[in-house]
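Two complexes follow with subunit A in common, the first pairing it with subunit B and the second with subunit C.
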Partner chain A sequence: MSAEPSDGASQDVRAAVLEVLQTFNKTGVNLEDGTRFTEDLNFDSLLVMEFIAALEDRLDISVPLNVLPDIETVGQLVVATEQIVREEHG
Partner chain B sequence: MFSPTPTSNASLPKRLADFPTLPDALDYAAQGETGFNFYSSRGHLNEVLPFADLSAKARDVATNLCGAGIVSGDRVALLAETVPAFLIAFFACQYAGVIPVPMPTPVAFGRRDAYVGQIRNQITSSGAVMVITPLEFMPFVEEATDGLDLLLIGTLDDLRAQPQADGLSAGGPDDLCYLQYSSGSTRFPKGVAVTHDNLMANCAAMNVAVNVSTEDRGVSWLPFYHDMGLVGFMLGCLTSQTTVDFIPTEEFARRPLAWLRIISENLGTMSYGPSFGYELCSRRFSSSNAAAPNLDLSSWRVAGIGGEMIKPQVMHAFADLFKPYGFADTAFNASYGLAECVLGVSFSTPGHGMLLDHISKQELGDNHRAVPIDDDGSGAGRTFVACGGVIDGHTVEIRDDDGAVMAERDIGRVFFSGPSVMQGYFGDQEATDACLQDGWLDTGDLGYFWGDQLVIVGRSKDMMIVNGRNYWPQDIEWTVERMDGMRSGDTAAFTLEQDDGSEQPTILVQCRPSAADIREALVDDVRSSVQNQVGLACDVILVPPRTLPKTSSGKLARGKAKANFLSGEIQPLAAGA
Partner chain C sequence: MADLFDRFESLLARRDSLVGDGGHDPFQVEMDEVLSQTEAMIGNRRTILAGTNNYLGLTFAPESLQAAHDALEAAGTGTTGSRVANGTYSGHKALEQALCSFLGKDHAIVFSTGYLANLSVLSTLVGPDDYILMDADCHASIYDGVRMGDAQIIRFKHNDAADLDKRLARLAKKPGNKLIVIEGIYSMLGDKAPLDDIVAVKKKYDDVYLLSDEAHSLGVLGRYGRGLPEEADLEDDVDFIVGTFSKSVGTVGGFCVSSHPQFDLLRLACRPYIFTASLPPSVVASAKASLELVEKGGALRKRLMRNAERLHSGLSALGFTLGGEISPVVAVVAPEVEIGVAFWRGLIDGGVYVNLALPPATPQNFTLLRCSLCAAHTTEQVDRIIEVFADVADSLVMLPKQPKKKVALG
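Take a look at the complex of A and B:
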């Protein structure tokens, strides 16, 4: 594991988030930074959990619940996920 | 290396909830080896809390409550995460004679404001003087308590840092034991107030109803801020000294199969969930193609179902899928209950499986009669699951609109009486009087008797249950009526029952503009507001102005709006192009 996150690592996280999210995207909406989970993607609380589980498995991380209420868009999720990856995988 | 608490106590005789108060029950359980275990969804045993440890730690923290300036009868709000700290704080309150108020934890993307508003309403409604929360939720609690003058807002460790003092003692059988906020709406919360006597009466009756023995072991993923998790597993099992293995609810939602794996590994015998919990397992198991050669569910004696309308086909699918792993459908145990009766009202006989009643839709709708017909696949009938017999020492009556007791198979309102009935809604006499008279509780549900079996067909009150969560139409209407161009009384929210037993949330919206694009935009705006503020995917139907019926006092007649919509008297407008 590298000590400093490189731009490359950050790109990997973004790609992984989008890849997992695409499998849960039943609305066909384009996934952009401003795409909103509830309004645009129709995520309900069950789907959120199912998606988080898939993301955790994909990146081998544990997403703490307290980050969820502040995440409304795909871009915010990418930033939060990058931070978790940095903390857990240094 | 540590291991979970054992299923049986070595020598302590089993006692089934025959204690005067909850602290007495814990003191007794603390003499044995059983207790609570906390697992992660990946099956890792995180923490072990034998009843002996729980009792010692809770007694210790009770002195901090006293030192912090709490007085007997005060309320303390507790964010109810599935961790030992919540239980220690809950029972510290018990030993100090103060009243714990379990509150929900956040579970969804966004909606920060809605969540903060919800817990603020519960804190002010209960008049809590202290809030104890896990560290990670502190920012929400600080925002929710902004401007409130409280003794302490902090973690269990913060509470332990308070001075220790004696002088508080546990409450008596007639004192309030806890407040539970799962039944009110988020805007207008109602705290169910229950005494130690009420709690013990219900736990004792439930223990008898499911034949709890020394061989039993509970497994639960139900949240502590709902009655089924709080009473069914945390308090109910404690009053019978039964070990429980807990999985945090949000972890269950992420990896539901952990539930089954822990039952299998620990030889769990009793576990409950709403239909959707079983559905989640089936769905994930099928999609993961998980080979599970070591899964053995043959120990599972009571697979309880409750908390929402039971969908028989979902349960059949689960039973078929897990039969190769030792699951027996005779373990299904349909039950009915509500927080206003502590928890349980009726239970099926263990080992008998589900009893199904297939009745005529026409008789159901036109004459409010449950008339059995053949299930010939014609769609003329609906299948209901019997929720079992009424618990010992309690009575259920089915009454008509005039209060007269109805005959078998007549459908009416379900009334309940007996020692489990709550004292009322905390600090809300009006709401209490509306449902509780002469010791009889109007459950707000509709049902009928089939022999000694209670069958629930729907609700006469307005609450919606979707995927096991409760929603209130008032919250949905309030959200929409605050939008630009909307007025109070412009909306009516309710659910439409589907043939499979599920409920589709629906909102009628009075619409003045006639341009197609404006209408289309309105439908989208309403849908996304409800999604964002309430967290519910709702069908939005535009109707002409002044079509929603009002009561004589000018309030929305929600039930009549729904009936008029179903009968075609209210016709939808074309939504857009």
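Take a look at the complex of A and C:
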């Protein structure tokens, strides 16, 4: 098991996710942990792919497609992304 | 009450907004009569087929027709089941042997389509502890195949070996096999994979395998038509080759070949091999006959490339934006979906059939008028295709409702 990330690192990941997501936020809703990709942000499968690619670039990670079906909200994505960053760069 | 089909509402709305005006529907084209490899009757009009994937024009090859006839008479119209449950015919074995000797691999498995070949191999070859690294522009059958399996699925940027390298480097510490999945020629834009760069990256790491889907490059690339690995002289570095008989080979069916000593084990594991009927004898026989013609098809490949160059240069001289390098797939980029539909209709009214490809099935969300050439196209037919493209571009400028869009396909 890897160590818990420092608050600093997880703040960075959260900030990066929100920063990238903001560029895809066409509906203009507030981005909170409970914001849902499909219902609130109107993401379709194509947009999801583009957004994930941008997030991968921003954080220099690979997000396996397998994790996507379980992610409905921004908060869930932040948690999943933190874990990937930990695994790939920790 | 909610109807079952309510969930397709947005799909229906999109279709209606695009083609619901009663005009010719690009996705429901009826070929009333197929006249040859390059012509069909579509709605009473003799139409040049420039969207068939029939690259070598083998659908009417006398040898293949004869082989199909003979097998039909000898072994009947169908196998009525899968090879696992209902038996392998001698034709299946002969076809697999022919694939082995043509492609220089020790083992071959024939599947009922190329789609099923990808589902089969990609869902079983790698397991939960393994990784698939697939080019982002891969075909839907590859996406569906990896989703059916348990491996971790990672996409790398299209044709970007450096991006693949980065992603493999991050996985290097992790146990598990890694399978890179690419295509020889990508179906939508006709661009080739940078195979030498990809093989160089593959060789930097341990436990990495390479699979190439040669659907559009088999018969097209290489002196003997063995696809991109032959052209790049890297056949030993591609561990698995997937292909289809539905394009250059001119019939239907799919396959995977490999020299891995245990490859045949897949027959026991692939559900789309075990649970679907095997190819009928006539199809198997024509595929085998056509493979021989593919191997001997140097002259056909020359004609095909000459046609490709002519269409490519003709359309770019007219100012169209083309999707890729010169290849038998010539994709014209339309500035928006509505123009794509109007343009497609103009072409069909002018007697030219191409494929309209729309996002999300296209790279970079392009709307594409995708032409594919055939060795059997005459120079006159290619020139006629170019002429009709020019006419339609002109006429679209005059569409009163779209005065600003006269860049047409600039």
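As a convention for this text, the second predicted complex is superposed on the first by the 86 of 90 C-alpha atoms of A that agree within 3 Å, B and C clash if a C-alpha of one lies under 4 Å from a C-alpha of the other, contacts with A are read in each partner's own complex, and residues count from 1 in each chain.
Please note the rule applied: contacts are C-beta pairs under 8 Å (C-beta built on N, C-alpha and C of every residue); 3 or more make two chains touch, one makes a residue touch a chain.
Nothing here was measured: the structure is a model prediction, and the numbers come from that model.
S.K.: After the superposition on A, what does A:12 contact: first (subunit B), second (subunit C), both or neither?
M.R.: A:12 contacts neither subunit B nor subunit C.
S.K.: Would you check which partner chain A:42 touches, where first means subunit B only, second means subunit C only, and both and neither mean what they say?
M.R.: The first partner, subunit B, only.
S.K.: I want to verify the contact counts: of subunit B and subunit C, which reaches more residues of subunit A?
M.R.: Ranking subunit B and subunit C by residues of subunit A touched puts B first.
S.K.: I'd like to know which partner A:70 touches here: subunit B for first, subunit C for second, both or neither.
M.R.: A:70 contacts subunit B only, not subunit C.
S.K.: Check whether A:60 is in contact with subunit B, with subunit C, with both or with neither, and answer first, second, both or neither.
M.R.: A:60: touches subunit C, not subunit B.
S.K.: Take the contacts of subunit A with subunit B and those with subunit C, and give the residues found in both.
M.R.: 44-46, 49, 53, 64-66
S.K.: Under the stated contact criterion, what part of subunit B meets subunit A in this complex?
M.R.: 105-112, 115, 136-137, 139-140, 250, 253-255, 276, 280, 284, 467, 469, 528, 531-532, 535-537
S.K.: Quick check on the complex: what are the subunit A residues that touch subunit B?
M.R.: 36-39, 42-46, 48-50, 52-53, 56, 64-66, 68-72, 77
S.K.: Within their complex, state which residues of subunit A touch subunit C.
M.R.: So the residues of subunit A touching subunit C come out as 44-46, 49, 53, 60-66, 88.
S.K.: Please output the residues of subunit C touching subunit A within their complex, sorted ascending.
M.R.: For this pair, the touching residues of subunit C are 136, 146-147, 152-155, 157, 166-167, 170-171, 359-360, 365.
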